[in-house]
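One chain, chain A, links the two complexes that follow: it is found with chain B in the first and with chain C in the second.
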Partner chain A sequence: MDPILVLRLPRLRYVQARTVEEAAAIVGSDGGRAMLIAGGTDLLPNLKRRQFDVATLVSLRGIPGWDAITGDPQAGMSLSAGATLDQVARHPAVLSGYRALAQAAGLVSTPQIRYMGTLGGNLMVDPRCNYYNQTFAWRKAVGFCLKKDGDICLVARSSPRCWAVSSSDTAPVAVAFAASVVLQGMAGTRRVRAAELYRDDGIDYTTRKRDEVITSVEFPAARTTTSAYWKLRRRGSFDFPIVGAAVVIWWEDGVVRDARGALSAVGSHPVDISSYLSSLRGVHPDERLIAELAAAADKPARPLDNTDLSHYWRKRMTRVFIERALRDAAGLDPQAGLLTAQLKS
Partner chain B sequence: MVVRTRVNGEWREADVWPGASLLTMLRDSLGLFGSKNACEQGECGSCSVWLDGKLVCSCLVLAPQAHEREVRTVESLGAAAMNPVQEAFIEAGAVQCGFCTPGFIVAVTDLLQRDPAPNEISVREALSGNLCRCTGYQKILDAVALAARRIREPST
Partner chain C sequence: MSDELSIVGQSLVKPDAMGKVSGQTKFADDLMLPRMLFGRLLRSPYPHARIRRIDTSKATAIPGVLAVLTGEDLPVKFGILPVSQDEEALAREKVRYVGDPVAAVAATDEWIADEAIDRIEVEFEELPRYMSLEEALADGGGEPIHGRTNVHKAVALEFGDTEEAISGAAHQREDIVFFEGNTHLPMEQHAAVAQYGQDGRLTLWSSTQTPHYVHRALGKVLEMPMSRIRVIATPNGGGFGGKSDIFAHELVAAKLALVTGRPVKITLTREEVFYAHRGRHPVLMKVRTGFTKEGVITGMQFQSFLDGGGYGSYGVASTYYTGALQTTTYAIPRYRFEGARLFTNKPPCGPKRGHGTPQPRFALEVHLDKVAEELGIDPVNLRLRNLPEPDSRTVNWLRITSCGLRACIEKVAAESRFLEQRRAMPAGRGLGFAVSSYLSGAGTAIYWNEMPHSEVQLKVDRGGGVALLCGAIDIGQGSDHILAAIAAEVLGVSLDDIQLTTADTDLTPIDLGSYSSRVTFMAGNAARAAAEKVRAILFEAAAEALQCDPDDLQARDRRVFRRARPEDGMTFAQAVVAAEAKRGVVAASGSYTPPRIAGPYKGSGVGPSPAYSYSAAVVEVDCDARTGEVRVPQVWIAHDIGRAINPMLVVGQVEGSVYMALGEALMEEQTFRLGLHKFPSMLEYKSPTALEAPVIHTYLVETIDPEGPFGAKEAGQGPLLPVIPAVANAVYNAIGVRIDEIPITPDRVLKALAEKAKGRLPRVGPRRVPAFAFPALIQVERPPEWTQS
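For the complex of A and B:
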């Protein structure tokens, strides 16, 4: 059958790693042509569309402890990178202490994909773009882009950089919770804050080194915490986010001690909006304050014309989804806010 | 490479190249044509099977990833007599061109095994990974309700 009409994987070598050390050694020594595969739900479609040049896939599934979820909201939780999105979305301790994480994991794609896809894989979702997530034939016909096989960005033609969009639902939640990501490579193990895992570039989007495997994500204790994740997508049934808003509020004596937030799909990395939420500290937020903060917190969001639906509208909806997430975390009806009311029905 | 997989209760071997998907292995090597090949990108659910009891898109599983694991396909259902989901699909008229039907049968069976009395929101979420290009969704929802009732009260 014609390999262009039928999406088939390229010739490759498949290796089942027995340990993280073994996986790290293979991807670290294969001249950049080996990739790690966990659930494979993002990697394999991309590979079928020839978005990567890969000679070897190193599977992480089956490494002992690979999908473990331990701890509790009192002490903090450690989620192995291989925990599936379905496990994360349904886990009772995650649901009670880290609700936004369960919401985000549960809003990724479809049941089939959540049974396969992993937390580590979702954090590493390859940034997406209308000019990139296409078949080889489509990209060849339109003209290849900077991210793969070409030399200009088709979204911003004079841009020296790639504007592919960070499209992970769980990444902004990890950033908002100030979670830590544990990476194990040939040189040893290191921990970074979730925000430090990412770079603001559509191609070179992560600080993870080639030989490093994300082994777990550690969420800090969440005793007096509420959180929410609101996701905008074209189809209510399943889609990548075109705006995602994650908000975490730490409470003390009925008032906000601290609040943090981050956005998905409005830049090449998860966009931290915590600095726009600082005036929540010391108060019990009412709907006027929430609307005011949300209306300002969309400032760092830079949607471009390279995902689903118009970027003006996505920019307009960013503040609305920040408001909904804030209201949700503050115990107010998420969709009864002042910014929502300004939308035409 | 030779992949050894327990398919519908029987250990089978297939000689595949490492870039073959489980779907390709089932159809081209093992002659199981129930799982359909449509989008190949994990969007449509036509190739839904169970891998170690979990509902997955077999187009997104590499054949070597299924080595020494258990796969159940739509062929495992109703081999002797139709299962209640299959019966309900026929009775409710939930089959139009029929291409998406095997994937839906597997996904609905999976749902009703976990939750024999799902509400409509649960049904819609559980079937969000299966697309019907004929858009015959209402009849499919009717079939799920009928199958669920039959499973709870077998005499109806």
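For the complex of A and C:
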């Protein structure tokens, strides 16, 4: 007899696609009741809690070349969406040229999850909220919310929109690197900038069309690049980010040519903070400048009371983590920064 | 050959270890019986509501649904304590927390059971909810949760005139602190399988710490003779107190098996485990103490307010426990305790590791740390000036036998170099110190009776095997090993020769259960008594064959031989053959009844124990003043174990206690929002991982208790107690702020630092206790030794 799992999956049709075209055709023609599954580490627990109404799962794991990682930092790299987070975290070329990506992938949850979970899956992590990532019975008891089965946002009751939190570790890194995401659907293949993959909405959080499969993520050449990802979470394992700060610096002749950054877990999409970093251009930043920029760059961060710990504290920690990531990318001791999360006295 | 112990004192691998690590152990949820059905409970979505109507017809109509139950099918009330028979397996009139069971189904598979649960229609009338102590006590809040008031229990005891002792003292201090509730989080979810046989007998397999109490409750609620009910406790994948109550799913599985005639399994989901709860009470406390200028306690007044949740559970005992053990930890000449437990619309609280004592321990140890600073006495010395005496009686009549607290204190202080290092730590680092005591088994049973608390039967066979039968259940703490080790030691055989049968009410004599740190002490003593009787039978037969006096014989290494001439002897099996030829079956039983040592007052039944363990801890913290984050790199802990029957198991219990304590100190909290548990999941209820575990330096102090088996005392709970306040004291040492509220979260640390920066009291914590009319104080005569001084 089957092992007994007390929280059961809904009854589903499970299809293993042999090609991307086949997967796209099934999800594109199933009236919105088919979902793609890669590692399943986010999807399956959510399904057990009935967070989606799904009739069919289309597995991508049997597609040839699904986990390939090619290229190098000199020319740019292409990471297949099915590369596991563990592969990404350990890949020598990723580690040397795209350190923030390796860091972010290596900080996702637990080793077991990283062996199963994929880069594409992590980019598409369903935005989280502790009014939403609950069992059906709990959500029913609380009265349901906008994101599923309900009509109000329980964290911001007067809000017309859903404030579920973008909780991907790799998404802000892809945004900060200005990576491109390759999507293949029934109508063909298109390429979008990572930032354009997301919408600032907890429900309608992606521009990916229903029939589209993320096939790969292309990272531009990173010859003179440094980068860092700093993740705030309660424990050293398991936890989703409650703040994530990704920073990428392009250097030229010892000064910054360009710097970009993005935040995780402070909004419903990866929050691009590159515009706050523009004054790094043309200088070799000292710690004072970094602290000044980091202190301002938390402005677009809007944590709400729907993840772990107090949102006031998370807001104050955002600038600390931006500073750590910037210092890390600039070769300074990340934890010896000038900013604090202390309350103003 | 020497009389040295050969098994007791050795770090041997426990008998269940290989089964656990190889996956062979059968937990309750692993049981699969032919034609088994799956049961599910429908639980209340409201924290407080009246049940207007239940319609089960749509559920019953689903093919594959074999039974649907409501409260009317199980109308007999129950509760773990005879004084709190306030629970129903399925609520009949009212629900009292989100998760309170209302109806149940049995179906051929879990999908059908889930569908059936969804089809049961319940009409509720919502009532005003009480989600905190303050709300429970507020006037005009509407209908109380039970009866006419939300006060479940209020007690007030005084031993000597405390007001005089405190107001006349050279130094006085009052503190108010809060300890948030938290839960056990065992890896194994609760599960039960019930089978009703053609012989008219009911069997329940359950992941329970207390099979005997479940047996009694089944008899009562099912209105069946206990002689027709068999309860088998399955190996517990962690208990920590969370499986020591009577649970709805156990009673419901049994009833569903009776109704359907087919085996029924109910395994709780993780979310349901949070609702089953019976965990740490949130407790608000006020402590006021007088001291001489030398730091000697003159008197203490202690108040506790327990947030009990929706039902009584162990709450009356929990309430007393918040007041009972202050006096076993320190010599307190006059003592007043006032405690109140309030009903709230949350899952019921009960016993979690340390039952009712971690909260007051936190209050007292933080309080003493502050007093030490005020008096200019170091924290270690202040404790040493207030130690209880071995072989003494406390002011509230608790009997202390062995007491290794001084040795524990001196050991951790020396090993951590506490006194030197606490002044020499780098920025953000600090050391904290605290001590504790705990019961080695409750001196009174849950229900009043004069029978033993633990019983063991032993039978030896011709091949040299030893069958040991005992009601004790191994919940991972190693009680199987303790029973086997004690019997093997006394009989001079190997651990492999002991065949254990435990926790089966058909086969095994009573053990009251794996709670209150009682099993090593009580079942161990029963095993020793039984083994000594069997040994006497064997020695008598062997002495006849060897033509010597039985008193000259020794049993060791599977032989029975003359102590003075070891070569003169026979194998253990030969001794059995000789004895069996002489008198038939070689068997004996042993039992243990704790001494009747409770004091002469109402409520004196909670607190007495045949012996107390002692612990002292030093915790090092690393506080980041810029983020408020607190990490614990190192813990030094010394524990007075009496004697370590298996040092490896004791160290395991100590380390587990430290780890659980750090979770409570820094992150775990059972909190509620909109009437619901905020995050009933293992991901979002934050408990530390292996990465948060510190380096733990454990030191065992042996005091060889006169009543413990081979001198042993408890290890399962006591070592948790000093760690939590030691963390708080270390945070103060590190960054100069007092977090008088558990858990110590980063935002609280920053809030306290902000207060400090403003020049205000550098503290976060409660400022007042509610106005509450405690009952008139019961003035209890102190034991003679205290009135003479």
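Note that in this section the second predicted complex is superposed on the first by the 334 of 345 C-alpha atoms of A that agree within 3 Å, B and C clash if a C-alpha of one lies under 4 Å from a C-alpha of the other, contacts with A are read in each partner's own complex, and residues count from 1 in each chain.
To be clear about the criterion, a contact is a pair of C-beta atoms (placed from the backbone, for glycine too) under 8 Å apart; a residue touches a chain by one contact, two chains touch by 3 or more.
What you see is a predicted model; the values in this text were computed from it and never measured.
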> So, does A:Phe238 touch the first partner chain B, the second partner chain C, both, or neither?
Replying inline: both
> Touching A:Val142 in the superposition: chain B (first), chain C (second), both, neither?
Replying inline: second
>> Between chain B and chain C, whom does A:Leu7 touch in the aligned arrangement: first, second, both, or neither?
In response: both
> Does chain A have more residues touched by chain B or by chain C?
Replying inline: C
> Should A:Tyr312 be classified as contacting the first partner (chain B), the second (chain C), both, or neither?
Replying inline: second
> Which parts of chain A are in contact with chain B and also with chain C?
Replying inline: 6-8, 11, 237-238
> In their complex, what parts of chain B are in touch with chain A?
Replying inline: 1, 17-21, 24, 37, 40-43, 45, 48, 54-57, 59-62, 64-65, 67, 107, 110, 124-126, 128-130
>> List the residues on chain C that touch chain A in their complex, please.
In response: 29, 32, 43, 45-46, 98, 110-111, 114, 189, 265, 267-271, 625-628, 667, 674, 676-681, 683-684, 686, 688-692, 745-747, 750-751, 753-754, 757-758
> chain C touches which residues of chain A in the complex?
Replying inline: 1, 4, 6-8, 11, 130, 133-135, 137-138, 140-142, 154, 234-239, 308-310, 312-313, 316-317, 320, 337, 339-345
> Taking the complex as given, what residues does chain A use to touch chain B?
Replying inline: 6-14, 16, 37, 40-41, 44-45, 48-49, 57, 59, 61, 86, 109-113, 115-116, 237-238
